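Here it is, the structure in full.
Naming follows writing order (A, B, C and D), and every chain is counted from residue 1.
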Amino acid sequence: MRAYPRCAEESGFVSHHQYLEEYNPMKKSLSLLGCALGASLLFSHTAAAQDCETITLGSAISLTGKYATNGIHAKNGYEFAIQKIKDAGGVQFGDKCYNFNVIYYDDESKGDRGATLAERLINQDKVQYMLGPYSSGLTKAIAPVTEKYQIPMVEAEGASRSLFNQGYKYLFAVLSTSEQYLASAVTLAAEKADDPSKVKVAVAVENDPFSLDIRAGVLEDAAKFDMQVVIDEQLPRDLSDMSAILTKVKLLKPDLLIVSGHSKGAATAVRQIGEQKIDSPMVAITHCEAADVVGNFGAAANDILCSTQWAETLTYEDPLFGSAANYEKEFKEAFPEYKDKSVPYQVAQASAAVYVFKDAFERAASLDKEAVRDAIAATDMMTFYGGIKFSEFGNNIAKPMVLRQIQDGEYNVVAPSEFASHPLNWPRTPQ
Amino acid sequence: MKKTLFYAVLLLITIAAPYLFPDYGTQLATLWLMIIVALTWDMTGGQMGYNSLGNIFFYGTGMYVAALITIGMVHPIGEYTDASRSELMLFTEGQYFTGLIVGSLGAGLFCALSAVIIGYITFGLRGPYFAIGTLGVAIAAGELVSNWDWVGGGQGIQLPVYPGDLDTGKVVFYFLFAITGVALFIFLKWLYSTRFGAAINAIRDDEEKAEAMGIHTMRYKLTAWALSAFFVGVAGGISAFQLIHFEPLETAYQTINLGIFMVVCVLLGGKGTLWGPVVGAILFHVIKEVTWNYLLGWQWVALGALIVVTVVYFQDGIMGWLMHNKPEWFGMRVEKKEQEGTA
Amino acid sequence: MDQFLSNIGLLFEFPIVNLKIIIDGLMIGALFALAAYGLALVWGVMNVKNLAQGDFVIAGGYVAWYLSRHGMPPLLGVPVAFVVMWGVGWVVYRLVISRVIERDLFTSLLATFGLAIIMAQMLNLLFGSDTQSIQLDYDTLYFFDFIDIPIAKLLGVLMATALAVAVVLFMKKSRMGQAIRATSQDARAARVLGIDTEKVYSFTFSLNSAICGAAGAIIVMVWVIQPFYGITYSIRSFVIVTAAGLGNLPGVIAAGLGIGVAEQYGAHIFGIGYQQAIAVLLLLLVLVYRLVQQRRVRQSLK
Amino acid sequence: MSTIIDVQDVTKSFGGVLANSDVSLQVERGGITGLIGPNGSGKTTLFNSVVGYHPIDSGSIHFEGQEISKLPVQKIARLGLLRTFQQTRIYGAMNCVENMLISMPHRKMTFLESFGRNTAEDRERAEMLLDFVGLYEKRWLRSGSLSFGQQKLLEFAMALMNEPTVLLLDEPTAGINPTLINGLIDRLKRANSDFGITLFIIEHNMRVIMNMADTIYCLAHGKLLAKGSPDEIQNDQRVIDAYLGAH
């Protein structure tokens, strides 16, 4: 079934160097164009490389559209893990070894496109196992399809809790659900306050499944402490100015300001918080690393709290990738464009998803998708990314969220306390 | 005789397609969706001269109405759409199919009604103002729905997965779209042969003259739009079930996707003809799928270029071009009496 | 509902907020007005309704952003974007616009829509989908302990004003400006009078593109840009021009500033999630208002 | 005979230019009424006021006793008051028969009837009327390819097809080959006598209007100058002066 030559298909076969080049943003477009032509060439190149057989995974991922940056992070994470597994001798069970190969399609950051592509991967490309797309919204669009066809999907980028109350049996997420992202900030604020019920909270999140879930988590925890929510607003998807909200922040003086809206939300928030000299004692946002707020806004980002699924300073490790720090080092070597910034957790969790598949295949010792599904469901492992163990609903319950604070341009873990490397700066000192 | 044979063959292909190409079931269903939206757009755009950029409003509204009817018959909607709910809310097979049928038809009716209400205002606008005004309606609707928590807001809505066997499910959706499409085609073939058809053509060619002759222009415009909205609404309703999960801004009220595609399909195939939208939709769908596969990353640029080139250089479309260059194919002879053979 | 009421309450409890909202609205409105003025020009002179207006703005922003990354002083971005986008506008005019001028109105609308898609995607391919901005290390001015005006924003508004004044003077004084105005009144008469309307058209469109580009260069310094943000500026331009009418510069400026302020008020009261909806609903309101006006004289809006 | 159109003290100005000033006139049911006047005397303005193209500043216009000066065009047309245009307006892309069938009197149809197809009688009637105006031979031609005069005839036939109560004709003979004019006069008269359609005609050609009308109104400088039978008008010194003065 090769009716559609697929452009990115060969990346599983491509030598390391080539796929690095493919995701150099400026060259990306050119190489995408050329890849159809290059496919046959690459094919011959791989024949001699390994004797392992191939396990084909499918993924619709955002290569264009508003999630493209994070989509490419995820793809890089997948590719890095695949290469690592290959270098380590592949997935081994029975007497054979297998390498992963991923068929990618571009979902353009659009849900209906993602669902269509998932159908295509399953029906036309006969893919039996899927890796997730980027963002909760896309995962929500694709999960019903994989569920319908009973295709196990391990996803790494869809965190919304609403994914895990549908009774899905074939959906597994290695990351923590999003209501936990900033909930620990609420706890921190409560710890710092003399009387938690006096704490005023302001919430401004994007109007998408992921961020709305963050909001739900914050509101729940705030309710637990009986805090007052003084601002509760949604950001538009094409956000470029949030001074209207920040004006209210100035008036109502919340003790905790929560902002979430992917990279653009982070960028806009940090910039305008600096400009308008917002002096809330605690500001917590998501996607700091993805938006590179330190690099872009420097001192304006000081003392801002950033939630993260993973940090390279954590003490997790596994036999394949080594420690978290080692993962970061090797990944930067393989993908030099990340050299000057910290590796976003979106990359790490994508690699972890592939790792879950490797582990599950080896335990199942079978290519039967039901057996693999059951093996995934039984996963209980430690990785460089953290513990992975799925609840009956498919979300990972073995790994906490981490809160880091930007202290003098460095991301330092400040919560939860068992992983904290630095004390919290409170109240934050605005620039 | 020849014509009967032609239609018989087409019908046969339509029925056989999902069995011949089982792997392409979803794409074939999407093709029918494109045909439906193109044909309905042409009702007002091609036949009546009112170029709407907002017909996607009916698609999105259809999705929501169908979903809300289905959910509302079984569960409280507000609880169902609450993302943080923890218990499962399920549907039985009977509830699913009742929802699918009642929801889609209800969506059609609701859209027809809303077309009358919106049209009553927008049909006072002419030319580009009508296009911009309808586009505005669609964008505003998407924005407002995305802020409306009761229907799920930016989270969107999740419908149950098709309860039966997978392959049957695919075929079922294909035929739901195909039957709607064929019904629409037959309906339009009849409609365009009536006095009503002539009247909306008159509105297109010279609305002032039509008014001066006492044609109920507003009534006909509203009727045409309502009929077109009905079919788009039904198609939207079916899409909601096919897609299972949808959200307001990018799936339901997708102004710059399907909302524009339907116009391009019609322009490509030929405005104001019965077959033009069908041919255009098929061609466009094929071009789109091919560019999506071969020009990964550049597909949108290619599509934008296709729109510009079609609009600027090839506005009569394929059918228009054929009619101009091969009039004999359409039985158009100057002396002959049979003149309405444009189909 | 409570939220709306308490938001309205804030306006009365802290009257200074009104001043803040108005200042913010005027600052953003000035840039809307700039882009809208360009639209009014091409609409009035060549009857082209340019749906890619916002994408020219964003493209100008990327020009400034890209060059400032490569060492150019950020403030130079405005004139440079003006010049570069002039060239882009000229090319676009040659390739597409010149062929839709004489065509029916829907053609220009759809063709520029296609153009908008191409431009947004090209920017996406070239620069990625991340939001970008130029960070100017200027301070913020403070008034009454509450009103903050970042100097960067102030500079932006000043540059926008300077540009608007320059364009207006140009239209009034120069020969080309006069030719443009003559053509917009009556293209055929202008041709009879020996005005090369083709040249006027290409000049007008390039000028529009350049104005948009400069506006974009300012926007990237005070807000953020992203390849797909064009549509928001296009919508605002259409709202403003529809409200103000063509060839009515004071009207365009007033409508631009007014919409800026109205949006800020709307964002304050209903929440900024409604900002886009408010802009579009304003457009619909303006259309309905004009429609009622026309109905009174037994006409429809054409 | 009773009054079918009653124009009372109509004033209409365009940006300060007074086009009609206190014009009052009556069109009698079943008759042929003429409206003459030099160029720029406000005839077409008055027509447009009657059929609803623009609002009037003051005065009233009644049709069959109903005030119509505030109604939009299509509502007036649906009352049975139809007009033809000085510059003809036909559907150029369609052939003559299609043009005729579009002109079916939709105001007389119920909503459901408008979804019917045209019957054989309708087609017969269309062809009969095309024959009546002398276009039978050309009935399958694209109407845009007809000569200007033929297009005028087609427009006239379309108006008849619509079965109006009153037909307002704006210079029906302008641009028509002089040899055809006698035939046209005859047809207009027959439309009046055989089909019972009240005619209200603007005409420049004195010979034509004197030949047809039973009552003639003369406008000059937006004011009603004279009213009377053709004989009275022909001998009215004010009318003669107005025309001479205008030339």
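A few comments on the model shown:
What we mean here is this: contacts are C-beta pairs under 8 Å (C-beta built on N, C-alpha and C of every residue); 3 or more make two chains touch, one makes a residue touch a chain.
What you are looking at is a predicted structure, and each value in this text was computed from that prediction instead of being measured.
Farthest chain from chain D (centres taken as the mean of C-alpha atoms): A.
Averaging the CA coordinates per chain and comparing them to the mean over all protein CA atoms picks out B as nearest. Chain A and chain D have Cα centroids separated by 75 Å.
Centre to centre, using the average C-alpha position, chain B and chain C are separated by 33 Å.
Separating the CA-averaged centres of chain A and chain B is a span of 36 Å.
For the pair chain B and chain D, the distance between C-alpha centroids works out to 43 Å.
Contact with two or more other chains is made by residues 28-29, 64, 109, 207, 234, 236 of chain A. Across the assembly, chain B contributes residues 143, 146-147, 297-298, 300 that each touch 2 or more other chains. Residue positions of chain D touching 2 or more other chains, listed in rising order: 72-73. Note for the complex: chain B touches chain A at residues 22-27, 30, 83-88, 90, 143, 146-147, 153-156, 158, 161-162, 166, 169, 243-247, 249-251, 254, 257, 292-300. Residues 51, 72-74, 77-78, 80, 82-83, 85, 89-95, 97-98, 101-107, 109, 111, 113-118, 140-141, 158-159, 162 of chain D touch chain B in their complex.
Only residues 191, 193-196, 198-199, 201-202, 205-206, 208-220, 334-337, 339 of chain B touch chain D when the two sit together in their complex. Residue ranges of chain C in contact with chain B, taken from their complex: 49, 96, 99-100, 103-111, 113-118, 120-122, 125, 231, 235, 238, 242, 271, 273-274, 276-277, 280-281, 283-284, 287-288, 291, 294-295, 300-302.
Those residues of chain B that touch chain C in the shared complex are 51, 53, 121, 124-129, 131-133, 136-137, 139-140, 143-144, 146-147, 256, 260, 263-264, 267, 297-298, 300-301, 303-308, 311-313, 315.
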